[in-house]
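Here it is, the structure in full.
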Amino acid sequence: MAARSYDAYREDRVGRANVGDTAPLRAYYADLERMHAGALWTVANKIEPWEPKTESVPVVWRYADLREPVLRSLDLVTPEQAGRRVVFLENPGRTEMSAAVGWLYSGLQVMNPGELASSHRHSASALRFIMEGEGAFTNVDGHRMTLGANDFVLTPNGTWHEHGVADDGTACIWQDGLDIPLMNALEAGFYEVHPDLQQAVTYPVDDMTKAWGNPGLRPAGAAWDKRYSPLFKYEWAPTYEALHRFASVTDGSPFDGIHMDYVNPATGGPVMPTIGASMQMLRPGEHTRAHRQVGSFLYQCAKGHGYSIINGRRYDWRERDIFCVPNWMWHEHVNGSAGDDACLFAFHDLPVMKALGLYREQAFGDNGGYQPLLEQ
Amino acid sequence: MAARSYDAYREDRVGRANVGDTAPLRAYYADLERMHAGALWTVANKIEPWEPKTESVPVVWRYADLREPVLRSLDLVTPEQAGRRVVFLENPGRTEMSAAVGWLYSGLQVMNPGELASSHRHSASALRFIMEGEGAFTNVDGHRMTLGANDFVLTPNGTWHEHGVADDGTACIWQDGLDIPLMNALEAGFYEVHPDLQQAVTYPVDDMTKAWGNPGLRPAGAAWDKRYSPLFKYEWAPTYEALHRFASVTDGSPFDGIHMDYVNPATGGPVMPTIGASMQMLRPGEHTRAHRQVGSFLYQCAKGHGYSIINGRRYDWRERDIFCVPNWMWHEHVNGSAGDDACLFAFHDLPVMKALGLYREQAFGDNGGYQPLLEQ
Amino acid sequence: MAARSYDAYREDRVGRANVGDTAPLRAYYADLERMHAGALWTVANKIEPWEPKTESVPVVWRYADLREPVLRSLDLVTPEQAGRRVVFLENPGRTEMSAAVGWLYSGLQVMNPGELASSHRHSASALRFIMEGEGAFTNVDGHRMTLGANDFVLTPNGTWHEHGVADDGTACIWQDGLDIPLMNALEAGFYEVHPDLQQAVTYPVDDMTKAWGNPGLRPAGAAWDKRYSPLFKYEWAPTYEALHRFASVTDGSPFDGIHMDYVNPATGGPVMPTIGASMQMLRPGEHTRAHRQVGSFLYQCAKGHGYSIINGRRYDWRERDIFCVPNWMWHEHVNGSAGDDACLFAFHDLPVMKALGLYREQAFGDNGGYQPLLEQ
Amino acid sequence: MAARSYDAYREDRVGRANVGDTAPLRAYYADLERMHAGALWTVANKIEPWEPKTESVPVVWRYADLREPVLRSLDLVTPEQAGRRVVFLENPGRTEMSAAVGWLYSGLQVMNPGELASSHRHSASALRFIMEGEGAFTNVDGHRMTLGANDFVLTPNGTWHEHGVADDGTACIWQDGLDIPLMNALEAGFYEVHPDLQQAVTYPVDDMTKAWGNPGLRPAGAAWDKRYSPLFKYEWAPTYEALHRFASVTDGSPFDGIHMDYVNPATGGPVMPTIGASMQMLRPGEHTRAHRQVGSFLYQCAKGHGYSIINGRRYDWRERDIFCVPNWMWHEHVNGSAGDDACLFAFHDLPVMKALGLYREQAFGDNGGYQPLLEQ
């Protein structure tokens, strides 16, 4: 075996490890390895970096590219074979864990009219953001939600869920978002198929939205002690209206424009314990300032077009395109239109970071808050 | 002085005090009184009752009676003299503490167009429910709310607040609700007049409603650590719409029909730490079953007409009438119309009871859940 | 009837009511009274005071006076007649509600060896602080606590409880503390006698103290979702030791010397939802500075002697004396010994004030923080 | 390139992916890869396992083996070169992340008398468990803790900390425990060296232990809003005493004997937001039943000897040995002595699992709760 280097991470700085390889040390390291141990100073600077360095890279997944292969899967595999016909997004830096960014999974799922997937549940928390088609629905623990474009729907951790498209609908495509990679990393993933394969719908259609999706009001006395939102579906029309109502009374965030979080109405907190979501509107011509955050983000353009600058490089997007902002990367957003607004849906892992006390954010201080563009 | 009786509360039951007066005991009691003390057994059964016995009595305050005197106050006193022109509701069992029921105060306030009250703040939490008139507004800590009939507005504990009516408005009447009696009972009431008499309005009109009054969405990243709701105004139109949306997917409460709580959207909890509020809709012909609760309630009929049966007696009400349900009294509600719905606004002290771990409720078990009417 | 005055509370200050009685107004007020209403400006300044004005007065109850009458009750009444033989403390300003201060009740209870009271439970939260005697015990929900001088024991809201003294013990006296007056004020008091009159002791003696009364450690995985402490007994020896340990590393509070709160080890919060308790040590010669608080306090001198200055008047106390500090009264404490420490046990209603968002405190700013003594 | 298999994870079960490789599908997969995407059904069964399958393996690190190499590091590297002289524990299944088990790091650190490490802080939460030597101390945010064998000390997330050994002490060895791997996995790790290299000790020695390490008592009114315990050091003597006190009133846990959690006395919760710790005592001859938990554990034998059975294999341990129980592995513990107790210190990531709603546990149901031993 060629001599392995143990001093790859040396730093010449007080308080950091700075030990060169010597023959006695190499012998020592070999001794340690035999007893499942190592010398901390050989890895200390690697495992205690000055700041996070993400493994993920920025990517834009263009709907113009993906739509055709997604639809093609309808012909390539049956639902029975595939379970679900999904094209998942694979970050080049995270192929091993099938992640789109950080510990977040995402995919584009397609179903034909009249299809109904089998019901199951799992430790992973899941959400859907509807991209196109008519007649899609999701059943969650006996509640049925009908779905239209830009509707946002939850199938939380531990709930029985299944998707389908009505007989008189069209082929439907939606984006799935899950924390499957996180569940695997934490070795906490359990999975069950529903004993009856299909669950019964035992509540009126869209009952949770009608009971819990009202401004400043909730069902009196209704107990809700789950860790996720009882509002399973957030519809697009009132969401878009809310953005405009909010816009009429706020200057907006310098970093995110008119930015609203989807919340659990029973607590005011995030929609699920491990995944949060938001919708933001960039006003005509708006160009936000850059900041960075401990957390990973996956965006879908719900309306309009524009671009984002991520760690100094420009990424264009238009309606239905999906892109990611990896952990602790500088990012700013630009609406490409001077006349119309642009809307970005996002989901992220900030609830994890905040639950563990790890969240930070930082504004880009130089250049008036705007990143200089790097040579491409 | 005639001999005072010390054995008024005797009960012949194991575990309860049952001591008759004797000469030596009377001498003993007199000794104790001189040292600011007493014998527990002379009062034990009084101060440890088997269940609560409220001092309040049910009352209906009819708007047909009160409206004229309320308006008359406009001529009788100036705002400068009176501070505020308010006719307050005085429960016959609570006259000493100027309470409408339990520890809750309520009054009908009237203002002329062009009037603006002076700004102040206090430990008491306050709310308004608008009864009639055009052009009313309330300012709270720099936020202005415009007000229409059946709007519900908060001026929470510790906030600077003032009311007014626009120059082009009409005389406006609203119901005030406060916990002034509770503040006095707890000896916790502080009061301040604003140093400038008037506060500046520093935010866009109705900004809190437009920012926080959206279904399932909140301003992203907005910190809100106050103990009261950032949603200062709950408007009638979306509230009434919410009742109907909820009604379309629920059987309703057996005791309260279609019943929704006004909530703090930042927490999902009550609107203020000491006062909660709700709106309920009785469907055409609905007659709810009876229950009782630890807590005091003050209702205003916001729409329709009907009656409530409280501890076996019937109390009729119609739009704008106010009535109370005292603590631990059986009550059931009846919509007087077979064709239209009836709506009851209520505020109450359940947040106090729940914060202190004292809340209980009980369903009326006999007679199919309906109280037999007592002879009147 | 002589003409009643309606203008007793006038204040000549902007923003306050200042309306003189006139004949038309008197007629108006009479009209309002007939409809269970009144004019707010006749009472506004009374019910919205600038700051709290307590009804309670400072009192010292000297054990030298009370001990003999307490023991005399053993001969005057049987336990069967009296339920419990207790001399309760009656604040001259709160006789109507049998309160020692504010909404707090207190009494001195005595039992003979071999006696065992009947078991009961109630909405009121209760505590005991042991004053003298050998062999006392308390049973709470199947747990038995043995009791010695200066031990502090809980019988929380809703728990079955009963007291007794072992056959080989001596007559025992302890101070009871309860929130009975608060329960009555809130009309929230329920009371039950145990169906078997006596409860079974089903756990090892002092098990809760041995399981939960350990520094920085708790039973692993033990669920405790009650609103009160699982540590039912706080013993004197470790408490006194803790005061000295803490004293060795702190300068102490300027207002309270070495001051520790008894806490619920499952939450770090107060021992019960409506009553808190603390023990404080005044070091030899210590004279604390004055402050005032929204809350009512009842102290017992557990060790030593000294005095407190309350709203400018001096109140001397020695071991076993009990005294109160009413709401929002200035108070400072003085250890009467230059050579030994003095310890004050206290219980209070701060958990109520804090749960409702009403707590305030203020340091006495003049005269170096010390109150000038008023002429007596 | 040899043909890659895309159907490695097929399962012949309804609701699971079961798609065989075909030429058209391979072409399709290649298309997807070019656009940073994949077909979910090729990986679905891999990334959604039926239950967790940990990457970690059980290991015992024997102090008899490690002690000598640890001491040898004193001669091999200077503190200036190494930063800290630590031999870290490397789980054979987690070498890539330098983890001892799951996402937990551990190492044995050694210091000579008179040495003082430089002060720094980081996102990782850290703890120490003292193994041998006299005179060790740790400084945390201006507080100094002196340390003896089996003392447990925290240097929480974000606190400035440094370790040293007094001039008149001896070479000291302790176990470090950190969540460094988790911080790296979450890409949330920040690191800073103290600007002065050394921090000032500004509080009395051991002040936090003397202020917060008292049974059922805390400093009155002391604010503590950090997410970690103010009790930075948990000493061995009172901990061992607590185990025996608890043992005198409990049957103990069937799975863990006399088991106590170290807690944050300000909340009753875990000592740090990402790491919990406990001490457990196995009574003479005790053999616990098996269970498994979502969470990773690292144990150190603090007293006595015995063995654990982990997923059917026996692992012997004696005082100072360290061993791990990986996620979701069956485990049971056996005291090797019939006459003396054995104590196991453990730290784990249960606070992470619980904060994210992922915790589960399961008792081993067969064979009376005891695992059959596998052939070795």
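Should a chain be cited, it is by its letter among A, B, C and D, assigned in written order, with residues numbered from 1 in that chain.
Methods note: a contact is a pair of C-beta atoms (placed from the backbone, for glycine too) under 8 Å apart; a residue touches a chain by one contact, two chains touch by 3 or more.
Here is each chain with its UniProt name: A, B, C, D = Cupin domain-containing protein.
Note that the coordinates shown come from a computational prediction; the quantities given were computed from them, not determined experimentally.
Common neighbours of subunit B and subunit C: there are none. Using CA-based centroids throughout, the chain positioned farthest away from subunit A is C. In this assembly, the C-alpha centroid of subunit A lies 29 Å from the C-alpha centroid of subunit D. Separating the centre of subunit B from that of subunit D, both taken as means of CA atoms, is a distance of 53 Å.
Between subunit A and subunit B the centroid-to-centroid distance comes to 44 Å (mean Cα coordinates, whole Å).
Contact with two or more other chains is made by no residue of subunit B. This structure has the following touching chain pairs: A-B, A-D, B-C, C-D.
Residues of subunit A that touch subunit B in their complex: 203-204, 206-207, 210-221, 229, 231, 234, 238-239, 241-242, 245-246, 248-250, 253, 256, 259-268, 278-280. Of all residues in subunit C, those touching subunit B in their complex are 13-19, 24-25, 28, 31-33, 35-41, 43-44, 47-55, 59, 61, 65-66, 69, 72-73, 76-77, 80-92, 97-98, 102-103, 105, 107, 118, 120, 122-124, 157, 180-181, 183-194, 197, 227, 273-274, 294, 296, 327-328, 352-353, 355-358, 360.
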